[in-house]
Amino acid sequence: MLLKKLAAAALAIAASVMPVAAQDFIAGIPREEALIIQGPAAQNAEWFNLWAPGGGASNNGLQQLTADTFWFINPDGTGDAAWTNALAADKPLYNDDFTEMTVKLKQGIYWSDGVEFTADDVVYTVETQIAHPGMGWSAPFTVNVESVEAQDRDTVVFHLKAPNSRFHTLFTVRWNAAWIMPKHVFEKVDDPLTYNNNPPVSLSAYQLHSYDTAGNWVIWKLRDDWQRTSIGMELSEAPEVKYVVYRNAGNPDARVIEQMNHNLDVINDIAPEGMFTIARDAGETTKYWFPGFPFAHPDPTLPSVLFNHQREPFADKDVRWALALMIDIRSVSMGSYRGAANLAALSTPPTGTAITDYYVPMQDWLANFELDTGNGTIKPYDSTVSEQIAALVRPQWGDSIPEDTEQLQRMFGFGWWKQDPAAAAALLQKAGFTKNGNQWLKPDGTPFTIKLMVEGDNIPTLARAGTIIAQQWSMEGIQTTVDVAGPTNGQRLGGGDYDVAIYWTVETWGGHPDLSFFLESYHSDFIKQPGETQPPRNLTRWEDERLDAIIEDNRTVNFDSPEVVELGMEYLKLAVEEMPFIPLMAYNKFAPFDTTYWTGYPSAADPYSASGPFWSNLRYMVVALKAAQ
Amino acid sequence: MDGFAKYLGRRLFQFFLVIFLGVSLAFLITNLSPVDPVEQSVALMTNFGATDPRSVELMRQALQELYGLQGSMLDQYLAFWGRVIRGDFGPSLSAFPTPVMSLIMSALPWTIGLLTLSLVITWTLGNLLGALAGYYRSNLLLKFSGAAVMALHPVPAYIIGLCLLLAFGFIWPILPISGGAQMNLQPGLTLDYLRSLIVHGTLPALTLVLVGLGSWFISMRSLVSNIVTDDHVVYAELGGVSSNTIFSQYVARNALLPQLTGLALSLGNVFGGAVITEFLFNYPGVGRLMIQGIYRGDYALVLGVTTISIIAVAVAVFIIDLIYPLIDPRVRLS
Amino acid sequence: MFKILRDMLRYNVEFAIGFVLTLSIFLFALAHFWAPLPDTAIYLLPPDMPPSAQYWFGTTSRGQDVLWQMSSAIWNTMLFGLTVTVLSRLLAVAVGMLSGYLGGRWDQALMTLNDTMIALPNIPILLLVYFVMRDSMSWPVLAATAALLGWNYDARLIRSVTLSLRNREFTRHAVFAGMSVPQILVRQHLPYVMPVIFFTAMNNLIWAIGLEVTLSVLGFSDINRPTIGGMIYWANQHQAIIAGIWWWIAFPIIAIVLLFLGLFLLAISVNEYIDPRSRLSRMGA
Amino acid sequence: MLNTLQAPTTTDSVLRVEGLKAYYQMNYFGVRREVRAVDDVSLTINRNEIYGIAGESSSGKSSLIKTIAGAITPPLRVVEGSVKFDFGGRALDVYADPQAMKAARWQNLSYIMQGSMNVLNPVRRVKHAFHDFAFKHMGISQSAFRSRVEQHLHRIGLDPRVLESFPHQLSGGMRQRLTIALATVCEPDFIIADEPTTALDVLVQQDVLALIKDIQQRMGASIIFVTHDMTVHAAIADRIGIVYAGRLVEEGPTLDVFRRPQHPYTAHLISSLPRIGDNKKRSALPGKPPNLADPPSGCRFHPRCPLAVDKCRSENPPLVVRQTGRVACWRAGEVQAA
Amino acid sequence: MSALLELQNVNKDYRIGGFFDSATLRAVKNVSFTLDSSKPEIFTIVGESGSGKTTTARMILGNEAPTSGTLRFMGQDIAAIHSRADRLKFMARAQPIFQNPFEAFNPLTTIDYFLFSTAKRFLGLRDKAAVDAATDKALNHVGLSLAEVRGRYSHELSGGQLQRIAVARALIPEPKLIVADEPVSMVDASLRMSIVNLFRDLRDRLGVSIIYITHDLSTAYYISDRVIIMHRGDVVEAGVAQEVLGNPQHPYSRALSQAVLPPDPEAARKIIMAKIQ
């Protein structure tokens, strides 16, 4: 009896739940007017203050769609096409000794509440942040800016404390930059650090429509006066995307499912297998950076094997080189990315302008580079790696893998170091190591073992690369275990609490050859004692006088000067010789697009914008998309 | 009344002791954490920008002051108790300056809703099935469902959830697989919103139900098979009392009493299933909040969530303890 | 011992099935010591091969044989689970029996502690402990921590058994026969507590393995060591279910379910065997 | 009634037990055991009669009464024989018709279980027990039922307010009275009572016995009850059956059994009863009760019997009518009363 | 003369209830009596449940401490025994017999474990042969032998045998006093006599004093030398057994003695019929 009643109740509940399929995906918003982007899980959903710390959720469209600043660099662009003047009417204007920067602003730009944007907003932004040390850009402003003044409504002049030819990069967006604050809003606020800025006034083409207090989604709506923005005034017709929905679509599996269910137009990142699944099962309705294998967008970042130079025996260049020569990069590529990796032998990511500025010109130098193993010299560079990898993936991907070497190099990288156990052994012996059976002993006679730290599933491809490399080293006689640091990864790297790790230590503009983006922080002035926290990004604590000289020279060279590339090459050559860390590849991000509702996504063939939804350049993609018919 | 007063007194003491020990333990563990919230924040803020190393030191000092991390551990501990009593866990480090309490308060209703719903279903269903299976030992349908429940019992929560997600989100996509309610739907007591809540809660709740069913089923079945040999049941059978009455009034009712205590005692474990389920279905509850807090090294948040969980569980246990005498006359009247 | 085994195999179907299941899975897990490749080696086989004559359970996306991975994983997981179970049983028995036997203030103090620990949400606490211990959190340490969190409910059950034994005449009689407290607890009371221990051990084992999986899925585990949770973790990292590599997850889960089924059948049949009531019937009381 | 030496007649009998064999049949991991708890028992109980069954523990008297009540669960099984009731023309075969048996419970046949402490559901008020057990047999409205129950309780000397109590709030004596009230509220034809006074204090015991006797007289019911306490039998039983090792060894009117026991076992039971004012040394029965899984051959009492002869060791004495009752002993004529 | 056991104004209170209105239940009130060590006797405490007789027994055995008053055993204050060594010394001199012979031995261990443990612990015997001899000797006192008992479980023996073994076990340390709490209430009528006869025998042959606790007046009359009748903690009557039980003075004693059903149908029936009217 009881059982029957129970079954009936269960059926009744099920029946009332069923009609879900008939519901709109987003209440009250036509699906065909909305672009749905994978966003973060906002911890602080009510918080829209970009300038105070702990925003946490600023990748939910706030900085991408509503904030604005002077300039943008498209990390996938090259040459002048990569540079965009946003709020600024022109490129920065420095005085001769780089102690003063003048910025001319565009006219006719308005905040979304109808107040006009002026130089006062810029001055307010800088002065307020200097006055409030907790604010996001307070520190760099404090360090650099003596004073700032609005010469007139459209002109701002920054007086710097010391010469700095790269001061403008504070206002230049790759991922983000110092966004301009709405003076008329913040001047009424007691404490800009604790003000949640909800709802935010927008300086760009979209404004807040609604958000989830639980942090799962934020919806942005095209401004009615979208033309009165720096991005809108360049457009000839209205953007077709009326709503942008940043939604936290859950774990990687859920993301794949959601895209296949057409509930997620833009994915930020998934594992290669998820990508392949989408390509296999939803190829008709999806597009990617590369039309076929390897699909992924190479970010201008460089995952590398980092050595802690303050720990023995990694201060020894021969040891580092030996470890590099023990790596079979083809296995690393297959293991981490299933072959879809864009390999890098130079210590700069092989993306954007770096290919034409550094990789192509330096091929000959690489090919002729000689390494003294103590047992004779070898030429370790192997320029055929891309072809070898192509051969490995062709059984799976067949015709989508081109034959043309140049194309293959764009896909898989230009070349890498050939695995050479003999040379590695020679180098280790040169460094005083001995081999006992299949176990290398350090000069002091103890076994050479390594703990290789990876962050873990936050960056699955790097964790995979770590396990592969650990296995290769172990097989060559250096027992290596993988250590998953999880959330403590950042701090352990910063504190120098690791032997060897896999992480980023080099990031570039992508769209500009200047390496100061990361190189400035490599100066030996900033190297900390073991145990103290090293400021980003010289996590290996590599110290070299030649490096210092390059950095110092770069500070006095104009951003767009050709000397920038020369200095860059010097650095790259030095990095090859010293092998301070082993560059592996560009960080390839699998970010497929659903074309059911929108078309016109950027791609390798048309890299008009970066594809990562967290990158602020994304705004150029959003306004360019066309509704699918 | 006297017995009840004594009972109540003991429970109340227990209640405060749980909170005191639990909160102290959580504080201690959290403070031994190697994660320095200031460094985490510095890392967070400098990760994607071209921050000048010279600026980092300035930033660090500013943050140290902001987060109120000065003082000895004892100072921090005492200050912490002061704040717990005021219901203030300080600002979240990863969502600065939003108070931890407001983060928890916006997540807590989701978890409480999900847990209450699934726990009620699990407990009722598991006990009902277990009692039926223990009483009607030869019923084939019950044997079959018993076997199914037993087979499900050892399957990890994550796998059950993942299978449900695949089945109802992908292969037969009829249910949402992420979030707590439909996007852009105004929260409120509208039919649409309630339906949306139910629809979004179905898969997570189902996961928790399937995960939890087994242990209630097993323990209830064994309780019932013991109770059916008790004198009062045998006597009722000899008295020709109908088997429905015997089942409901003589067997199930008596077996439920220890299960109610079990419910109170097992509440502490419920969180485990909820953490993984919320994580999987992206459900905006405190479990997910906690995981995010850990990933971001937000120790104020983690400490707050743990503390609130301990208090919430203690309160729930206390409430069940209060209800218990109403159901068991022996406690009420002794 | 051998005779008991033979009797149980012959006369108890549940035991026979449970025994065969458990033994086969145990032997299967044991086989990993003779695995052709080290269990941590990756990409030595073609990845993503479906089950076939060559690879019975297929290969993973990491180029490992699922069969051998499972073999190691079951071994390691069981080792973890059993360690937790044994440690927590020891604690539960010690606390439960002492509390029940000593009674009075001891009982009150121990049970207050016990009930306090029951009410603590253990997943958050375990996560926190893991967080603190970081890479010094090896699996034995994790097992010890889990054991510390996993004994209290069962201690209560054991206490209630001991409490009723305490009031039985033979206990008082044993005191006047000069037996010491350990003698009374071990020789006189333990046989009555054994069924509870066995029964709770099953649930504890399930709980412990669930814990291992939970921590692994969240990424808080030693990924070098193949475990059931570790296999799920790696399968997850490779989006195996979505990508259709179902054999990577399905086979370990089936193995675990079978193992539990086997252990469960063993537990209930052994329980029936050692249960004082049936023991007495068998002895002819 | 006291001294009527009524031979059992078919017309007046309520219960007929014929050739009843009920064994515990167990099989534990290959250890097969068969305990012959009830071994070939035949007896008849008349209308308005109180029949007492006496015997030492594990003699099978409890199994016998459970088998008669249809209250057995495996491993105890009826192997042979029948238990038949006759409620004023309505015949009921306990083991042939379970449905009819179920319907007859409480209507015609009620049961007072051993250990009144636990027979009432501890978590429900007493009134529910009356409702569950008796209401459907009465065919009257709820309120009429309630007043009937209250009346009945009153008659038994219980305050009707006990209906609102929980069992644990009542004393042992009250609970025993309640179970008697519960067993008699429907005025059944037949009451089976298993050790109805064993757990009670001495002072209460007499009251409860008087109550049982009183009700039986007023309602005209038949009662069969078991106790090892011979003084209880002396006080209320009309006839006694003595059970030894699963068998009925003697049966007869109470007074006759006490005055002139025919079986040496009965004689011993009676002679060993101490009494105040007499402390002359009484001998105890040597030996121990037989193991029912492996009973002695012949007369089961022979290993302990002072009168045993060879025949007793080999041949099982049948239960035969002798004087006012029946006895199963080869040497019945030679038994001396104490 | 020296006192074997001396109770002086012994009181025992139990606190019942909770924090707010706790009450005190006085289970034993002002009980005094003395057993002489030179004259072994059977001293009977008669009472119903709740009379305080069991509490008194527990205090004599040192399982409970009196709220006030003293209990001295061979001159030593029983409540002051704390160390395990002293406790063992005391137990060697005063041993209990329990109510239910089936419950007195753990059904899951062999009975000889209890016997051997007693012999080893109280007689300090290590040697197996000596342990066996001491055990066998004690068993002989109750008409059994070690050969009959060794390796047996309680279910293999009858209640009478078990109760005899329990007595034998108590006799192993050669105690001066045996406290028997309702030793025959759970055994059959036919066995009751063999146990109480055994008590007589122990008193006469071994010179052991026995405190016999019972609610059964007829066996009390049968074996006791002296008797006290307890009612709700009070000793309502005390004296020589035959006098007190044969001619009770206190109303409660009288009621109690009248409540004993005679083993005679005619007399018993009269009592019952009188109750009905």
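Each chain gets a letter, A, B, C, D and E, in the order it is written, and its residues are counted from 1.
Assume contacts are C-beta pairs under 8 Å (C-beta built on N, C-alpha and C of every residue); 3 or more make two chains touch, one makes a residue touch a chain.
Bear in mind the structure is a predicted one, so any value in this text is a computation, not a measurement.
Asks: Can you give me the shortest step count from chain D to chain E, moving only between touching chains?
Replies: Tracing touching chains, the least step count from chain D to chain E comes to 1.
Asks: Please give the intersection of the contact partners of chain A with those of chain B.
Replies: Touching chain A and chain B alike, sorted by label: C.
Asks: Quick one: point me to the chain whose Cα centre is farthest from that of chain E.
Replies: A
Asks: Could you tell me which chain lies farthest from chain D when each chain's centre is the average position of its Cα atoms?
Replies: Looking at centroid distances, A is the chain farthest away.
Asks: What is the distance in Å between the mean C-alpha positions of chain C and chain E?
Replies: 48
Asks: With chain centres defined as C-alpha means, what is the inter-centre distance between chain B and chain E in Å?
Replies: Computed value for the inter-centroid distance: 55 Å.
Asks: Which whole number of Å gives the spacing of the CA centres of chain A and chain E?
Replies: Distance between chain centres: 88 Å.
Asks: How far is the middle of chain B from the middle of chain C, if each middle is the mean of its Cα atoms, in Å?
Replies: The separation of the two C-alpha centroids amounts to 23 Å.
Asks: What parts of chain C, by residue number, touch at least two of the other chains?
Replies: 131, 134, 241-242, 284
Asks: Got the chain A residues that touch at least 2 other chains?
Replies: 253, 257, 458, 486-488
Asks: Going by the contact rule at the top, pick out the chain D residues touching chain E in the complex.
Replies: 2, 56-57, 201-203, 205-207, 209-210, 213-214, 217, 228-232, 234-236, 254-255, 258, 268-270, 272-279, 281-285, 288-289
Asks: State the interface residues of chain E toward chain C in the complex, per the touch definition above.
Replies: Chain E residues touching chain C: 61, 63, 84, 88, 91, 95-96, 98-100, 103-109, 113-115, 117-118, 120-122, 153-156, 166, 169-170.
Asks: Show me the residue ranges of chain E that touch chain D in the complex, using the header's touch definition.
Replies: Against chain D, chain E makes touches at 48-49, 157-161, 188-194, 197, 215, 217-219, 221-223, 242, 245-246, 255-257, 259-266, 268-269, 271-273, 275-276.
Asks: Can you list the chain B residues touching chain C in their complex?
Replies: 13-14, 17-18, 21-22, 25-26, 29-30, 32-35, 150-151, 153-159, 162, 166, 170, 214-215, 218, 222, 265-272, 275-276, 279, 290-291, 294, 302, 305-306, 309-310, 313-314, 317
Asks: Touching chain C in the complex: which residues of chain A?
Replies: 252-253, 256-257, 270-274, 276-277, 331, 334-335, 338, 451, 456-458, 460, 463-464, 467-468, 471, 481-488
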